[in-house]
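Quick heads-up: structures coming right below.
One chain, subunit A, links the two complexes that follow: it is found with subunit B in the first and with subunit C in the second.
The block that comes next holds the complex of A and B.
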């Protein structure tokens, strides 16, 4: 079998850069959280952070463990449906709904992950996709519960701690706070011994196994944690739009989060956050323009992949490297001329 | 339940199963040789069906369309490999995979734009219309034709891979690309050929399917998941495995459709999950 998937795309060790620029990414993110609703429509701003939570979950698998999962919508959608159903028909407490979403995300990820981690490489990717399709078709046909193609509408957004969050900005604040919390938790996870073991599996699975780590079990843990994040994102998504569309559990959604994470840069903790920002902002802009916007999305996939691989983070770094070399070259060229 | 119905449904399962096997083999060749799960495989399947439809509209010959449609898909495949996948050899598989994913969206949307967002239907050629009396039941001629045609195509693919020199090179490419290129074989040409061959098989599977199930832009997406199931169960480059896996899910789907039609698609994936629980390595336990 070929080397592990995603191996080549990962810049190695992240921890060094963390210690030197420890505070700056946090300042940038907190600034973005505060400023975003000023510039962007509140619903879109909210969606950006929800999608970022979703991306954080995927990136634990893709970026840190080297497992390219093409079925993350399974966990996102399942959680959205279950929590949405309970919110709609049983009026559960919003925190209960969030908790149930996280649990459903984690449990569905445990089931899917158990089957997927049995195989590696190409088979792994195809399995995640195929199982996603199974959940999709179940949701598609189970119309009495999910509403099938029409989606599951009428999901309420109940008050939190007695505060009304039906206003867009209020809900934005809740989601943004949960996003920052999620980012902090994910930072703790990837810097924990577990995170190091997962990166070790990414870099060299046989060696990790030789060191005594049960690679399959660790991958499953990554699945479960990633699924929990997806589940949280799913419930927040359902409450944002008041509906669970069938697409929320579809494979295009799974592909979108992979794409967003890659354009942000899957090697870093903040990559999916940047990717989500770019992706949601772009897709919301073009989807308003044209009903056939997935065509533009597909073109964007192709163009980014052919010409802007490495994502925004790398493009940014390349830009500064280019500026630096240009700055250095100019005087030296002048010096050559004097000889 | 009546016996004739059960028998017809079993035959339906075999016919669709053969088409699944064809999809699986095409995908298996691409995935095995190029190391990418081709996410555009389903969309190319749909394109094969739509090209058949248009060629019949323009020229009027089903038989010519059955040849031209997959050739058209294969030519597009060559263009994709040459213009998209080849520049990404060094960039890594993640990007090639995302490229095929983007292409699948583009092809699907292009079908909606060029043809129609709603489904269309395509009649079989006059000679294959109507039923054929099998004694137990009267069965549509066209489906019998599909069974035979798909069987011949699988046989052709087997003969090519097992009995010809280039087929042997292709199998070697699935096993060990580095070694193949060290032997002085143009590995890039091998990649292009494999991609074109896989696309041809997807295209002809789509063309054969059109008179059975009709055409709709999302037919490819549904097929992609099934092709993944076949490859996962069969193992890369395993033709016999692909046939067994294709027939298995095809027959399971048809039989479940009799008792619980809503679950007939989900059962394909359930069968895969069940097999993998018992045999994580797949039906034939390769790699």
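The block that comes next holds the complex of A and C.
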């Protein structure tokens, strides 16, 4: 059976909003893409969109299919290592590197997913975690290639279409464009029949099977698509910092993306984007001022789990619903007072 | 030739034989009821037909093909649809999506699976809405299934099965837990399906079964103890014993 998070999540199309802002999420996203580098350090702004792409991939599994994968760093890290290695030692074209990252993400997700979808619930989660650990220790031991604990430094950021993208703002523009593209692709996927099928598997797997859907196969598809997104994010991450740190394939990284997605709101298309913003901004900005910043993160997590299972997206929708009912009540209360 | 027949179909759970050498033939276009006391093995029999369980032994011949042991999703693609005794819908999804998903699954081709927008399959949406109309839920199409009443969920349960355009429709107590009023509506609904589908019906309300069925099989302790027209079943002494508290195992 699906873990509890999926059951609580609201499908994105359900919360018909009361605000004009929520009705035009694309405007908000594009506005954020343009304004973010004005207010936030370019590297952090870039990392936010990279992490958002990572979150989009996880959300297809966690939010839409109800599969809590605690091993997404497997696909992120594998892609970062493979593409990073090719960029560093073979000087491959940057688009080839991105494509290879996507393929590595998808293929590693196919292998891991194939094993994991054989089980459900707690066993599923533990399998994703255990396989993540296997990849982690492989990277840890294979120092000749991955650099082990020191990571794989010296990853270049080659020009794209003849344009130099070494400047932070130039690279930000590339990443932001790829993020918008990823978001659009994910929107198409969740609005397609596949998106509905994954949701019905989350809601009631035996019934989905009785309708004619091979649940294991569909879950595997979700893994592969999610893995492709993770892979893209992994390569962009390697090129952003010029290094693949060992943590990029570690379980903390897997946990972080789950955290971020839950805080933003799993099961809605834009949840992981908001979650990524909150998570990266907190970790990069507040951590500079206050070493105990994870406390804040923990607090945010507790609030989400206790009061807003749908994350920031649900809190936002509830706020507008509350304002709408208050707005409706206020004039009638005034009318009563005059009588 | 019967649309589906079972040959000595058996399912054991350890020492318990839930379904015991059941041999049965269902004629195409007929309404065939399966009755029997609680625990007689009726639902297990359905679970065998739809692939939820693999039989311990025996064969299931559907349209000339042995389907015993096939996985559930593959059985569904052959055109065998069922409704569940305990309501089994997709709570967070709209009624339209609940039914739409059933219709989509039966498409011969899944082209556009991950890319074409689901609301662009206009012929499927139209069919889903028509089926919802047939069970009287057309106005609630946009509501999530968890928000409608139990009675309406039973109707939705039936609509999901119908949207698959089944060649064989297995109805497991469609009126379970309904008020007398709702039961009447459900019975009227099932009557409209008679003749249009090949139906196997599990039902406890004997009067309903007697008036609607073409043939009736009676199960008791996992075995079919009698089979015949409603009139024949009514006269059968063994059936009376089974129902009137006798412990007559065959």
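In this section, the second predicted complex is superposed on the first by the 273 of 339 C-alpha atoms of A that agree within 3 Å, B and C clash if a C-alpha of one lies under 4 Å from a C-alpha of the other, contacts with A are read in each partner's own complex, and residues count from 1 in each chain.
What we mean here is this: a residue touches a chain if its C-beta (ideal position, glycine included) is under 8 Å from a C-beta of that chain, and two chains touch if they have at least 3 such contacts.
Predicted model only: the values in this text are computed from it and were never measured.
Colleague: Going by the touch definition up top, name the partner, subunit B or subunit C, that contacts more of subunit A.
Modeller: So, of the two partners, B touches more residues of subunit A.
Colleague: Counting only touches as set out at the top, which of subunit B and subunit C does A:197 meet: first, second, both, neither?
Modeller: Second partner only, subunit C.
Colleague: Could you look at A:209 and tell me whether it touches subunit B, subunit C, both or neither (first, second, both, neither)?
Modeller: The answer is second: A:209 touches subunit C but not subunit B.
Colleague: Taking the superposition as given, does A:126 touch the first partner, subunit B, the second, subunit C, both, or neither?
Modeller: In the superposed model, A:126 contacts subunit B only, not subunit C.
Colleague: Applying the document's definition of touch, where does A:67 land relative to subunit B and subunit C: first, second, both, or neither?
Modeller: Touch status of A:67: no partner.
Colleague: Is A:258 contacted by the first partner subunit B, the second partner subunit C, both or neither?
Modeller: Touch partner of A:258: subunit B, not subunit C.
Colleague: So in the superposed three-chain picture, is A:175 touching just subunit B, just subunit C, both, or none of them (first/second/both/neither)?
Modeller: A:175 contacts neither subunit B nor subunit C.
Colleague: So, does A:48 touch the first partner subunit B, the second partner subunit C, both, or neither?
Modeller: neither
Colleague: Which residues of subunit A are in contact with subunit B in one complex and with subunit C in the other?
Modeller: 9
Colleague: In their complex, what parts of subunit A are in touch with subunit B?
Modeller: 1-2, 5-6, 8-9, 68, 115, 118-119, 122-123, 125-127, 129-134, 137-138, 141-142, 251-252, 255, 258-259, 262, 292, 294-295, 297-302, 305-306, 309
Colleague: If you look only at subunit B, which of its residues touch subunit A in the complex?
Modeller: Contact set of subunit B toward subunit A: 31, 35-37, 39, 84, 87-88, 91-95, 97-99, 101-106, 108-110, 112-113, 221, 224-225, 228-229, 231-232, 236, 262-263, 265-266, 268-270, 272-273, 276-277, 280-282, 287.
Colleague: Please give the residue numbers of subunit C that touch subunit A in the complex, ascending.
Modeller: Residues in contact with subunit A: 50, 52, 71-74, 76-77, 81-82, 84, 88-94, 97-98, 100-102, 104-106, 110, 112-119, 121, 144, 160, 164.
Colleague: Can you check the complex and tell me which residues of subunit A touch subunit C?
Modeller: Listed in rising order, the residues of subunit A that touch subunit C are 7, 9-11, 14, 188-189, 191-197, 199-200, 203-204, 206-215, 221, 225.
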